[in-house]
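Each in structure tokens, the structures are laid out below.
Shared chain: chain A. Partners: chain B in the first complex, chain C in the second.
Now for the complex of A and B:
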């Protein structure tokens, strides 16, 4: 046991202690215990508190985690165990001090909920394990014990034997995969990609009809964000223009469809399909109007101007000035539902519509990316000056990128408005732009699978995890930070940057997607 | 190829902005002049006292914006990243001040009056000073940890990565505050000596204009803090180191400057300024809630860009300018007050279109943009 041991142990312990206090202050411990209780088969009624034993399970897991992370990579086994012990003890000490305050509040019946809204007496009581004063000591003991346990676990799982075991499993899996690929006939290997796409298509055709309207709703949300993400990626990822105002273009699509299809305020009933086209055109015009004056701006200046543009559109939609034209803050209700060959739309048809729109968008994206235009965009992104010198009309292509991206945003907006049968200023806030930006970056810039994955992760999962409802955005924020630290290139990064590092000559062959995939698999 | 060698290569075929920008500028300028003419000369709807009142409120809000904008600019100058969570740092400071006031309200000073006065009533100025100190300290701490947890691991990553991390941190802090303190809107302390709405009276055209104490406090304190910051950046060793790190991190490190420590201190300073701005905001506007930092944050960022991001006098100028535009603009142009943000953003866009690096901004080199 040396100085370093004590230092790491106590530092980690302090950190975990503070985190625990924070979790208690936001009532997270109750939610966690409820979840554990549900997983273990004891249902907890809404508003009721879980049993104490589930709280203990949560605390044990937390304490073991604290002990685990207090253990450093180097040092002898005894040292590591000591680190776990000190980590657990420090956590326990911090939590016990906090428990003492809570106990004091409980004894004097001081209600602090006016300031700390989650700290009810029932919540305090269950955190002290129902033992009141003794609970403090129990907590301290519990964390000390679980700290050592976590340390021991870390020592065990990080040992050479376990590492060898994992390595063995990995090699055997790789061997198995290799054997399966080898055994397949050449035709299957060649068309494997297409078979995969076919299976995906069949799955996408079957699922929406089966899995209920709520899942369709979530799926639609994800799909709309995929289209938006593709639009943003054209501006941001391909042509390198920092855009934070995509909500404005989204709003143009949505309002076009809404205004041309609702009894109020204009009573126009153009039908969905023509107005969707109008929406796309309107968004393109919006992109053009935005792009023309700001072509000289770069980097963050461009970002803040587009942000301002988005806010301007939102405030205008919200203001009295345009109430006659756009319905004002109340938005537009009762949007007429589209029909296809005389059949009215329901949630399943919307899911299909979104699948088709997504497929078309992805197809178009790939076509554009690999065209002359796409390459011009990429060259502008890498170095505008050089690409201008080599004959690329930088301004034209930058504008084109804004317009094409805007078209996708308009498409997404139109579908969004019709599907919700409502649109209002609050559907087009800065948060929408920020969410789309997060989807693209978290998924992986310039990577369509990444954007799809990002949409699922950021838009789909939070909708499905309704249990966590209160903590959704908190977890979302923490996750964004965590993702950026651990995996900044995105969930499914694009394969192109790797090629560039390998010495891409910029020849046409190198930009061919089939080639790329073949190489990145190696 | 050979035939064209003699003539210089034509780099741009069509320069759209060359045609569009003057048209855009003339349209906007024409509209503004027309509205000004209508409001000021034709209608003459407002007397001098209205203008003075708006001017005063614009200066006050401008001071707060300027303080927050400096935080953005300091960080941007050094790291080239938009510290999106800066508004939340301010929110934390506002809450810290709020809780300090609640505590001082709760403490009874023995033997001072009957019924016993609370600390905040007995020593109003001391409690206000305490609130500022606590708000600044807590915000500075928040800024320090924000940098340490969310930004330091991302040193050297592509530009968008820290931005997303900052957005995440902003979400996290906002929702943590909401979960901790509930989403309700709370009344900020209103110390009797500087009660909101009370102040010195100024007579113009026989109508009374109140120059509120909180307003004067906000304005004077923000100016003092700005001067202090400017002196610090220009004269002290820390300021010199900050400027060195801002202009070239590698060389600064070679000169023996601890770059990480300087960045930490920059966050501490910008956090402290945001905390002061937060307490001012609370005292002047009288409200605190978990969302209190978001809008001022966005506005202040706009102000920082307006002045030329990375440039400290630019941030001050931009903040003041934005505050004045926001408060005078709607009336001067005869537009509904709802649209004050539209005017603010529009002015920003116009300025950036003609001066792409802000009012006082240097022309940034390629690598910085």
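Now for the complex of A and C:
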């Protein structure tokens, strides 16, 4: 026990105390208690307050966390425990002082909700554990106790014995996996990939029919974002063009399907499939027209111009000028539903359509990426000057990338408009472009599994987190920050393919790399 | 008289008021190793950039097999069979060594994105051919077994050789090497010198070389041009250049020639 111990403990405790005050002010303690009670299987009505015992669980977790983080890495065990104690005590002190204020508010029946909207009497009451004045003391005691507990936990879990134990488990898991792969017959190993794809296919065929229209809607959105992400990845990830206006290309696909396929404003009824094709073509033309003037721009400048392009398209769609043509701000309603072999579409068929479109997009992406074209794009991204001097027609390939990427965006837009039976300028805001950009970057640039994961994480999760209501975006933002710290290269980073094997066919035996070192001439 | 592969006629390149290259004439005979030397800032790399199309010369012509190529885009010049390497290695660092060489093969392939989607016969044929070609090129420069390493993860000497492999993939008739031995140790430098000679003898590539290592230059050059302040001050065989007083002054400053002569006579006396 020394000065340092007291300093670290009280600093951390203070921090956690302040965080606790903040959480109470935004009513998060109620939220957290509700979540815990849900996890433990109690049915909580919406808007109802949780029971106090769940509140206590939340406080215990929080207090232990405070104690845990107050413990430094070095120092003796007693020191560490003491740090936990000080941390918990400081947190408790801060929280108790805050509780005292709240208690006075409660006693005098002062309503502060005009300034702090979340701070209702019921909320204060629950925070004081329903004990009113005694609650303050209880809070202090609780935090002190849990602080020590957290410290003890930290001492225990960070000890050498535990580290060794974890290591042992890891090695045994690895050994087990190795043994399983070794024991599998060669056929299974060889066709394992195909078996996996088959299982995936069966899953994708069964799921949409089973799990209800809400899930179909959510995962349809995920699929549309996967297609958009692939389109953007061709521009951004492969050819290195910083495109922010992909919503404009998305809008071109969506509006083509909408205008050619709805009673208003033009009364054209071309049917879904031809208009989808037109949508793709329109998006490609859009990409080409956008590409021509921006060929010489690079990096941030390109980003700014494409951002402007996206906004121009949206504003045009919103403007009075084009109201007769595009329906103006009200958008286009009653888009005719597609039929397939005479059968009308429902949510399940849309799910299948999106899965097929996604599969086709992924297939096309892989085919193009692993080709002369894909490598030319990658070289442009790496170093456009050298790429050109190596023989790549940089301008042509950049335009090609914009057009191919735009085709995917148009496809996604067409499906999107038809599925919603409506599209308007608000479906094509800057947020769409930014969302697609984050899907690609968070998931992992140039990585299809990454883009799929990213779409799930950024589009699927917020929908599924809808139960958390107001805290949806808070949790979501925290997840994003956490992810960017833990996995800065994306959820599933890309790796370059191993190609040397493929070219080795016509040659003699392999040389050992070590043996080969230093043989620059022979 | 041997055929001239590339010829510079009174080529000048200015940067603002600075005459980086000033009315330089060059004639490179086919199948030769031709060195361009000179102190730092003499305009050697600028001249290279004019030949490979990075810069458009203000005046003068660059004739490749008698046809002017100045002002053409760099990819066109590359497609004509002129490849180059860079003073500070410029590989596609996040791609593997194989991919770097495959991009070098770009001009030798014709399959487009539609072929890639359909896996047309042309694509399949070219794909397997290019893979084999890339591996044999890696083998040729001594990088066999390193094909799947990221270019930026390779050691420096290997990066230099990979850059040459990428340049060779283009099947060049003229290869521009910009300080290929910079940053190499003695052993690597000797290896590379032999390698350059092999390029000329086995692949019949004409080579223009910018180099500061005089041992390399004097050892393998057929002819040498010396630039100073953008102007050509001497041209000739290695022996002629070594004894040229203007060259010595350019390197050692005024009076350098006399100084060199003094050391030379001293050495002769010691040897005797």
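Details
Note that the second predicted complex is superposed on the first by the 492 of 522 C-alpha atoms of A that agree within 3 Å, B and C clash if a C-alpha of one lies under 4 Å from a C-alpha of the other, contacts with A are read in each partner's own complex, and residues count from 1 in each chain.
The rule we apply is simple: contacts are C-beta pairs under 8 Å (C-beta built on N, C-alpha and C of every residue); 3 or more make two chains touch, one makes a residue touch a chain.
A quick note: this is a predicted structure, and the numbers were derived from the prediction, not measured.
Once the two structures are superposed, chain B and chain C can be ranked by residues of chain A touched, with B on top.
Of the two partner chains, chain C is the only one that A:400 touches; chain B does not reach it.
Of the two partner chains, chain B is the only one touched by A:300; chain C is not.
Of the two partner chains, chain B is the only one touched by A:430; chain C is not. In the superposition on chain A, contact is made by A:118 with chain B only, not with chain C.
Once chain A of one complex is fitted onto chain A of the other, the partner contacts of A:322 are absent, as it touches neither chain B nor chain C. Of the two partner chains, chain B is the only one touched by A:308; chain C is not.
In the superposition on chain A, A:389 makes contact with both chain B and chain C.
Touch criterion met: A:372 reaches chain C, while chain B stays clear of it. Judged by the document's definition of touching, chain A residues 385, 388-389, 393-394 lie at the interface with chain B and also at the interface with chain C. Residue ranges on chain A touching chain C, taken from their complex, read 364, 367-368, 370-376, 378-379, 382-383, 385-394, 400, 404, 496-500, 502-507, 510-513, 516, 518-522.
Those residues of chain B that touch chain A in the shared complex are 9, 11-17, 20-21, 24, 76, 82, 99, 102, 149-150, 153-154, 157-162, 164-165, 167-176, 179-182, 298, 301-302, 305, 309, 335-336, 338-339, 341-342, 345-346, 348-349, 352-353, 356-358, 364, 366, 368-369.
For chain C in complex with chain A, the touching residues are 52-54, 73-75, 77-79, 83-84, 86, 90, 92-96, 98-99, 102-104, 106-107, 109, 111-113, 115-117, 119, 123, 126-128, 130-136, 138-139, 141-142, 144-148, 150, 157, 161, 166, 170, 187-188, 191-192, 194-195, 198. Interface residues of chain A, counted against chain B in their complex, comprise 22, 25-27, 115-118, 236, 242, 292-301, 303-305, 307-309, 311-312, 315-316, 318-321, 385, 388-389, 393-396, 399, 430, 434, 437-438, 441-442, 445, 470-471, 473-474, 476-485, 488.
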